[in-house]
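You will see two complexes here that share subunit A, one where it goes with subunit B and one where it goes with subunit C.
Let's turn to the complex of A and B:
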């Protein structure tokens, strides 16, 4: 599916979403209340068939007090890509899990939990994946401080 | 402390006339054989490991210095070349590998990361600021990554260091002390 047609199809599914035909990949930003329903559609709709999660990450925005979760999805049948973004509240970071739709997201969500402290509700086994189990804090949050950090922090 | 068979034999030799001279030559033989058959542990943590591999291949050929037999188990290795970035999570594993190596054992810290945390020193939460925080290091090789020549130079420095060791010093000193003790006790007996 062409980029604009893909964005139009997503907007038809979820009119609240904000679409952006960004230079690299087409993006949609979804309100949290509509996120889970949209992801289910993206996964199961045969015209979209976004069946592969290429990458998942998050961005910490302290000024806006949100953590934006970013999902990069790919469709093997159609060969198109889509980025879905969704904000979680920074003080109480919670997101619905999509690990039941894409099994690959199980480890991605553990990674985002490990480094950003986003709790994925419904995740079967949410624990740290890369840092040690007894680690305190979430290092990729901008306000993370640590005795190991020698110089300037951001 | 229980003496090993070698220490016991060295003590017997040291007590004999001219024994100290013999032991100095035996020490030189020990050092020569140790320095020229360093078995490195097959072990790489990041890009420095590529240079370590290159040092072992035919162009640079670490075998010329007797250090090419990279062992796949710490039980058979006596040189640990820490080639790469040691993370906080990897540090206890590096320490376990070091503890599993038999004595005498040596450590070369290869590259900026293993020496001082490298480019990750500044504001990183996950990287150890130098492998010398968990294992004792004999030779530091600077570079990012060091070229194979630099690693081989580090191995040659380690060989020079090994050649200056005195592996039988304890047994020699014990024998000397026993002789001196016997010598000082003899006049007292004569006086009595």
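Let's turn to the complex of A and C:
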């Protein structure tokens, strides 16, 4: 599907979403309440069929007090790509899981939980994946400080 | 057989138990720990534990300027470091709209395909050794050595090349490069036939791989698998063909695809990929133009925005995502590693097999642990 047609189709599914055709990949930003329903559609709708979890990560924005979860999806049947973004509240970061739709997201979400502290509700096995279970803090948050790395600028 | 009384039969009971494989275990190819629930020899559940060499590279990227980050990517997938270099460099160039000289693009294709050959040759040796064929290990390393020697002449390094740079490559080709590449092509044509003759038809090898660890196409897609793992499951998808980057559109080559998604198919896909890499190299040697091998790069400050690009490494779909605020350092850098996603299907495809089959399945996924842990 062409970029604009893809974005129009997503907006028809979820009018609350904000679409942006300007960046490198077509992207939509969804309010958290509509996120899960939209992702189910993106996965199962045969016209969209975004069946491949290309990448999933998060970006910390302390000034806006949000952690933005970023999902890069790809469609094998159609060959189009879509970026879906959703903000989680930084002080109480929670997101609905999509690991049942894309199995690969199970580990992606564990990584985001581990390094950003976002809790994915409904995840079957939400544990730290890289760090030890008793690690304190979330290293990819911008305000994370560690005595071993603090002040290291070069 | 011993005759047991009914009482002693009741006293003998079996129970499930957990064992650790790794983190220090030769068949995990690095520091990966698998905790397995067993019923006798049968594996009921596999729980991988990662992170033993997690270096938080994504955070390190936020401290350094863009050109300094290339060497970090060497230390992810160190067996195909040319391609991890390139994956990172490619996305920064896209963000800046930098035009790379054509000669540099050809050099990149050549070193990437050479690296794919060396990586697959090493995988062949290591995988056969996992299955007990110790001598095959030396065959794989024999051919890998000549590629690594060539890289050493080219950039001074045998493993962590730091060769592909933003704007081109660090040095132009040496004079003896092209003849040596042609020599390598001839060697690999013979070598892959020899691998096939030695191993493919072997009854023990076939019994250890055929029908073992079957990954269906739907599951491979759902888990985000890429590269030979995805193609072994019958999905005809190669980023070099389906989402082409650089000058790959100018070469003729086939994409080998498996049928059953078992360990044997993944093995065959990799062997055939080596033949295709030789084909690409032979064409690249003929087509390579003259000119500079490095663009005139002034300041590396990608404009504000978010960028994503993917590249087909020896292990699959490697993506790099970064957020730029317009400065000399990235605001956020994410490396989407091929091995991380390929390994995530292991619990699913190894349940129900024997303990020794897990070694075969894990080997057939061709994971490099530093690429998973980052």
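Criterion: the second predicted complex is superposed on the first by the 149 of 154 C-alpha atoms of A that agree within 3 Å, B and C clash if a C-alpha of one lies under 4 Å from a C-alpha of the other, contacts with A are read in each partner's own complex, and residues count from 1 in each chain.
Methods note: a contact is a pair of C-beta atoms (placed from the backbone, for glycine too) under 8 Å apart; a residue touches a chain by one contact, two chains touch by 3 or more.
Note that the structure is a prediction, hence the values are computed from the model and not measured.
Student: What is the contact status of A:4 with respect to subunit B (first) and subunit C (second): first, second, both, or neither?
Tutor: A:4: touches no partner chain.
Student: So, does A:70 touch the first partner subunit B, the second partner subunit C, both, or neither?
Tutor: Touch status of A:70: second partner only.
Student: Once chain A of both complexes is superposed, is A:131 in touch with subunit B (first), subunit C (second), both, or neither?
Tutor: In the superposition, A:131 contacts both subunit B and subunit C.
Student: Looking at the overlay, what does A:139 touch: subunit B (first), subunit C (second), both, or neither?
Tutor: Both subunit B and subunit C are touched by A:139.
Student: Which partner chains sit in contact with A:21 here, subunit B, subunit C, both or neither? Use first/second/both/neither.
Tutor: A:21 contacts neither subunit B nor subunit C.
Student: May I ask you to decide whether A:148 touches subunit B, subunit C, both, or neither, giving the answer as first, second, both or neither?
Tutor: After superposing on A, A:148 lies in contact with subunit B but is clear of subunit C.
Student: Name the contact category of A:44: first (subunit B only), second (subunit C only), both, or neither.
Tutor: neither
Student: In the three-chain superposition, say which chain, subunit B or subunit C, touches more residues of subunit A.
Tutor: Between subunit B and subunit C, C touches the greater number of residues in subunit A.
Student: Starting from the residues of subunit A touching subunit B, keep only those that also touch subunit C in the other complex, and list them.
Tutor: Dual-contact residues (subunit A): 130-132, 139, 149, 152-154.
Student: Under the definition above, what is the set of subunit B residues touching subunit A in their complex?
Tutor: 88-89, 121-127, 129
Student: Provide the residue numbers of subunit A that touch subunit B in the complex, in ascending order.
Tutor: 130-132, 139, 144, 146, 148-154
Student: Can you list the residues on subunit C that touch subunit A in the complex?
Tutor: These residues of subunit C touch subunit A: 50-51, 54, 56, 58-59, 63-64, 94-95, 219, 221-225, 235, 237, 242-243, 305-308, 310, 317, 319, 321, 323, 331-332, 334, 336, 340-341, 344-345, 348, 373.
Student: Quick check: in the complex, which residue numbers of subunit A touch subunit C?
Tutor: The touching residues are 23-25, 51-55, 57, 59-60, 70, 72, 76, 79, 83, 102-108, 115, 128-132, 139-140, 149, 152-154.
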